[in-house]
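Residue numbering begins at 1 within each chain, and the chains themselves are lettered A, B, C, D, E, F, G, H, I and J in the order written.
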Amino acid sequence: MDKASMQTTILAAKGRLDLSWAAIAERIGMSPVWTTSACMGMNSMPTEVADKLCDVLELPAEVSKALQAFPHKHWDKAIPTDPLIYRFYEMINVYGGTIKELIHEEFGDGIMSAIDFSMDISRVADPKGDRVQIILNGKFLPYRSW
Amino acid sequence: MDKASMQTTILAAKGRLDLSWAAIAERIGMSPVWTTSACMGMNSMPTEVADKLCDVLELPAEVSKALQAFPHKHWDKAIPTDPLIYRFYEMINVYGGTIKELIHEEFGDGIMSAIDFSMDISRVADPKGDRVQIILNGKFLPYRSW
Amino acid sequence: MDKASMQTTILAAKGRLDLSWAAIAERIGMSPVWTTSACMGMNSMPTEVADKLCDVLELPAEVSKALQAFPHKHWDKAIPTDPLIYRFYEMINVYGGTIKELIHEEFGDGIMSAIDFSMDISRVADPKGDRVQIILNGKFLPYRSW
Amino acid sequence: MDKASMQTTILAAKGRLDLSWAAIAERIGMSPVWTTSACMGMNSMPTEVADKLCDVLELPAEVSKALQAFPHKHWDKAIPTDPLIYRFYEMINVYGGTIKELIHEEFGDGIMSAIDFSMDISRVADPKGDRVQIILNGKFLPYRSW
Amino acid sequence: MDKASMQTTILAAKGRLDLSWAAIAERIGMSPVWTTSACMGMNSMPTEVADKLCDVLELPAEVSKALQAFPHKHWDKAIPTDPLIYRFYEMINVYGGTIKELIHEEFGDGIMSAIDFSMDISRVADPKGDRVQIILNGKFLPYRSW
Amino acid sequence: MDKASMQTTILAAKGRLDLSWAAIAERIGMSPVWTTSACMGMNSMPTEVADKLCDVLELPAEVSKALQAFPHKHWDKAIPTDPLIYRFYEMINVYGGTIKELIHEEFGDGIMSAIDFSMDISRVADPKGDRVQIILNGKFLPYRSW
Amino acid sequence: MDKASMQTTILAAKGRLDLSWAAIAERIGMSPVWTTSACMGMNSMPTEVADKLCDVLELPAEVSKALQAFPHKHWDKAIPTDPLIYRFYEMINVYGGTIKELIHEEFGDGIMSAIDFSMDISRVADPKGDRVQIILNGKFLPYRSW
Amino acid sequence: MDKASMQTTILAAKGRLDLSWAAIAERIGMSPVWTTSACMGMNSMPTEVADKLCDVLELPAEVSKALQAFPHKHWDKAIPTDPLIYRFYEMINVYGGTIKELIHEEFGDGIMSAIDFSMDISRVADPKGDRVQIILNGKFLPYRSW
Amino acid sequence: MDKASMQTTILAAKGRLDLSWAAIAERIGMSPVWTTSACMGMNSMPTEVADKLCDVLELPAEVSKALQAFPHKHWDKAIPTDPLIYRFYEMINVYGGTIKELIHEEFGDGIMSAIDFSMDISRVADPKGDRVQIILNGKFLPYRSW
Amino acid sequence: MDKASMQTTILAAKGRLDLSWAAIAERIGMSPVWTTSACMGMNSMPTEVADKLCDVLELPAEVSKALQAFPHKHWDKAIPTDPLIYRFYEMINVYGGTIKELIHEEFGDGIMSAIDFSMDISRVADPKGDRVQIILNGKFLPYRSW
């Protein structure tokens, strides 16, 4: 079972059981963002977590195996079209130089890791219209000289 | 004075006075991210804020005028190369589908605004190596039907 | 049922019943542009509207479900080829700078929303040849400073 | 004098005299959109109109000559980046298929002309936030068979 | 029946009956270029012409229906590879600026229509090797000012 | 003197003497299309023709030398944007397959030469609006087998 | 039978009969390069040659028909990846300007035909390692002036 | 002195002395193709050859130094436009698969070197029009297994 | 059996027998990198090695045949997305100019062969986290002059 | 002083003093690869190292400052053309999948860091022609789950 059919199977089970991502994540003891990304084939799950998720969603062992497989992360290299996703592409480009300035000023030469990294998404109530809040958290990695 | 020479002038003054972005931002009463982005030509400043920044950096009125001009936001449409910026491009592509799933589940059909939007960057101390934390905050905009 | 087969099913029913988009839109109490765009998979319908449309077109419940699904808006990122659509691409590029000038002059720094947005298409009789009139209407969103 | 330095000269004069595009357009008896587009080098002006514009802006004859020159309409063929302009690119792609459906249903096989074409931009007051309204108006051109 | 299978069906019938495009065009009273382009899915036929063509080629009514459908004109946006077609791409690029100069000199600001347009192809005998002659004929459309 | 400054010099002289391309072409005994293309740097002129053109336009010998130089034909490989030129790109793509069908049917396997090639542009009066007529004429070159 | 399945059929027969391209070419009285290119769908064969090839390879008449069909020459427009083919792309780019210089110096303005063209490939023994020799031979075509 | 101004200097001297590439190559005892390519900045010359060339062309020592510099071979990665060069791009793509078949059949798995490589260009007289002959000669390099 | 299904078959057998690439490589007496690359279709195996590998993995003769076939090396020409592979693309671009400087300084004008080439991958223990070490080894090929 | 003029200045001094990269690196106590990359603007130097390098090369303090600046790593995103660099691009694509297989087998899910990374280049004597050896060494970074 490859990652694509794994995702289809999980989405079907999730719909059948009428569970939100937050509910699934809570039952396996992980965060909603990481849980969703693994179910969409963009991260691999440790064995025990994958097994627990299959228990929660009443899915067979081959789904657990597919969840544990190391993904080949692949995406369309063109600019995204879906408006929700495009807006993030826009933010990065409008604020990319700013982020570089401020991280270098604070930490020196290096980068924020996209591997030793986590993300959280939440709703912030606001009388003028609720807001989406996303927290990106990554280890600072200094360049090595040798 | 266009946005490019405005940026050069501001960076030179900032170096001369040895001020950090955080210090400049504090003196004009705005956040460091927004202040930096306006100085890099990616946002426009209200008159009083632009004037105050020119006071702080001992710069002439034409810099204030350039800071107030509405920018034509422009970037290289190709995939970024600088490793610090590329990692953000990578995060968005690895987690783009996940973000879409979770925002739609919580808010319904719509997007997170990149216009009614703010961003914060901070250092999080960690014994295994300090971490960079970035908070994105945008208003949820539901699609209109008519 | 995905959006693509939903569209095929709706077009077949529309042909079988010999209904125009305008007629369908009127029966469900919505505009022709929005109705067509939802049937082509580019907008999601509220439950009651989707159900009414399935009534009008004598279609089963799974079509209604597909109409309610949040679309992943996707298109060929290249320049369009079909002459009817290309002309709109041409208009935007010939008049893009002009539109930016005039909106900023009137409203200040910000954008016209493509989310809180509506469109109408109509025929304008003209002795030298009838004309197509398209009205675009979107909320002005000012940039936030923080 | 080429179109680029013509545009710079006109913008400087417009700033000096503190005139809006709407005011300039009114004085030369043309619409604001067309007037702006000609000043930005995307349309050519008839001699008498160009001369009148130079009168209004107190500019020499060579500017009038540049305004009358037939432009080579040229733009960056990539996807636009400025958020204000990108949103129009997005609208066309989200609604392109819908526009094609509705024009063909109403007019038959053919296109809406981008040459025998006009555009208007206006503000629509709205208690929930004012709106931008853009009207596109083009002659329908049927395909010829021979 | 879509345009692609319509084309396959027509080519098979044309081969079976051993008819040239010129012969088919003559029997339906239209030109060879337009007839061929409609059979290749790049133009739509009026009902009576489509029916006549199906008579000539002994094809069922659904082929006539497909011939009448309004095409979505679509092509590979890249530079053509087939040498016969590439040479036309080369001609346009070598002579594009020349054509623009000469049409503007003769007609003023505007374009040659690709909609109100016809094309003819013929053989010109020549002792040094016969030649292909192609005539392009399109209505001049002046830009509108408003 | 390179081809670019040659073109500028010729256009200035042409304006100064107020001569049309047709008039210049007639005086040097060549066609308007070929004459224009050589002046725009896309063809090389034999010595005597180049000298005659410099006589007509009262230009120095170095212009004649530049006209005789073998050009490196170069163009922007992207899809053209100027509407007048784009329409030709559109024609070739809409009718490319048709042209291939008809040339092969008449001549067999081979191509129409873009080197042993000529082009003419003329105005065709029409009560419904005058038309542009362009004649392309190229030698048929059969593929060699060996 | 299209060119792709024709090629598969021929390669299978060639393997079954254990014939080299050189041996096949010799039996049909043509060169190995041209024979191979026609079997790979990049050239069309005259009837008698195609029939002879089908005799040699014990293939049915429909293969002969496919060999005679005029190909639509098509290839991936991107830079080739296979190292053997890439090296030829590299040679052309390293030596393209040199070839242009030397052909123009010897022949004047014009091109080397890719239609009235032949190619040969052979092995040249060399004690330091055998070498591949490829001969390209094309008619010089002078540009026409008119 | 960089390779670009070196090339300009050499071309000017070559014109002044009215020497062909063949004549220059003969005087320095190398082939015309290699000599031209080094003068165009695509190969580096050994010291004594570079000095001899500067003697022949009466050029100063800094040109010799530039000729000896190791070039960064660089070209426009897009498809070439100049018809003379494009035809070679076309040949490689039409015959690329054929070349791969025949080299592998004769030599096994490996490539023809573009580094241990030479090229010759000559005129072949032909009553139907003289022909250009180009010989490519490169060492066969087998893939290593380890 | 083509290279793609050969790879699938080998991976399935490898999983069934629970063998690492290192173990397989050792049993056939070759290196792990070369063995893996041949199994992934990027290199061809000599007959005896391919047969031995099929013995080890208990696979039929047609797999051996597929392993011996000369591959058409093909990859997505775009920038890689998978983070593990992207980092190598990044290294080459950050250090490409440096590598060129240092190889030319040491060896003169020429290249490091990618054909007469080998690669090794190993783990280097490190208390601050183990490291990956990759050794690239290729013959230096000097440019030929002629 | 920006990184580009810093590099020019350093290369000129290096030539004047006739020092190899290896010699310079030894005198500042760093490796040749890292030293070269910093001088080419692709890494930043700590203050004391930059000062020492300016001592060795007899360069002013502003060069030291430029060496310490955090670079914006930038490169042409297209496929490289220079044959020396292209071969590395080719290696990565031929062996990319293999590297991924072997690193994941040995280390689990994660990547080899391009930040905590070093590289060495050396000559390996070989009777059949000396070889280039390049060692890449990077910390393994496991993906985080949260």
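Of note:
By definition in this document, a residue touches a chain if its C-beta (ideal position, glycine included) is under 8 Å from a C-beta of that chain, and two chains touch if they have at least 3 such contacts.
Keep in mind it's a predicted model, so treat the numbers as computed, not measured.
Touching chain E and chain F together: C, D, G, H. Between chain D and chain J, the least number of touching-chain steps is 2. Note on interfaces F-G and C-D: more C-beta pairs are in contact across C-D. Among the remaining chains, the Cα-based centre furthest from that of chain E is the centre of J.
Averaging C-alpha coordinates per chain and comparing to chain B, the farthest chain turns out to be G. Inter-chain spacing, taken between the CA centroids of chain A and chain E, is 51 Å. Inter-chain spacing, taken between the CA centroids of chain G and chain I, is 31 Å.
Counting partners per residue, chain F has 72-73, 75, 77, 79, 81-83, 90, 93-94, 100, 104, 110-111, 113-115, 117, 141 as the residues that reach two or more other chains. Pairwise, the chains that make contact are A-B, A-C, A-D, A-I, A-J, B-C, B-D, B-I, B-J, C-D, C-E, C-F, D-E, D-F, E-F, E-G, E-H, F-G, F-H, G-H, G-I, G-J, H-I, H-J, I-J. Those residues of chain C lying in contact with chain E across their complex are 78-79, 81-83. The part of chain G that touches chain F in the complex is made up of residues 30-31, 33-34, 38, 43-46, 49, 70, 72, 100, 104, 108-111, 113, 115-118, 141-146.
Across the interface of their complex, chain B is touched by residues 72-75, 77, 114-115 of chain J. Those residues of chain B whose C-beta lies close enough to touch chain A in the complex are 20-22, 32-33, 36-37, 40, 42, 73, 75, 77, 79-80, 82-85, 87-107, 110-114, 117, 119, 121, 123-124, 126, 128-141.
Considering their complex, residues 79, 81, 83, 86, 90, 93-94 of chain E touch chain H.
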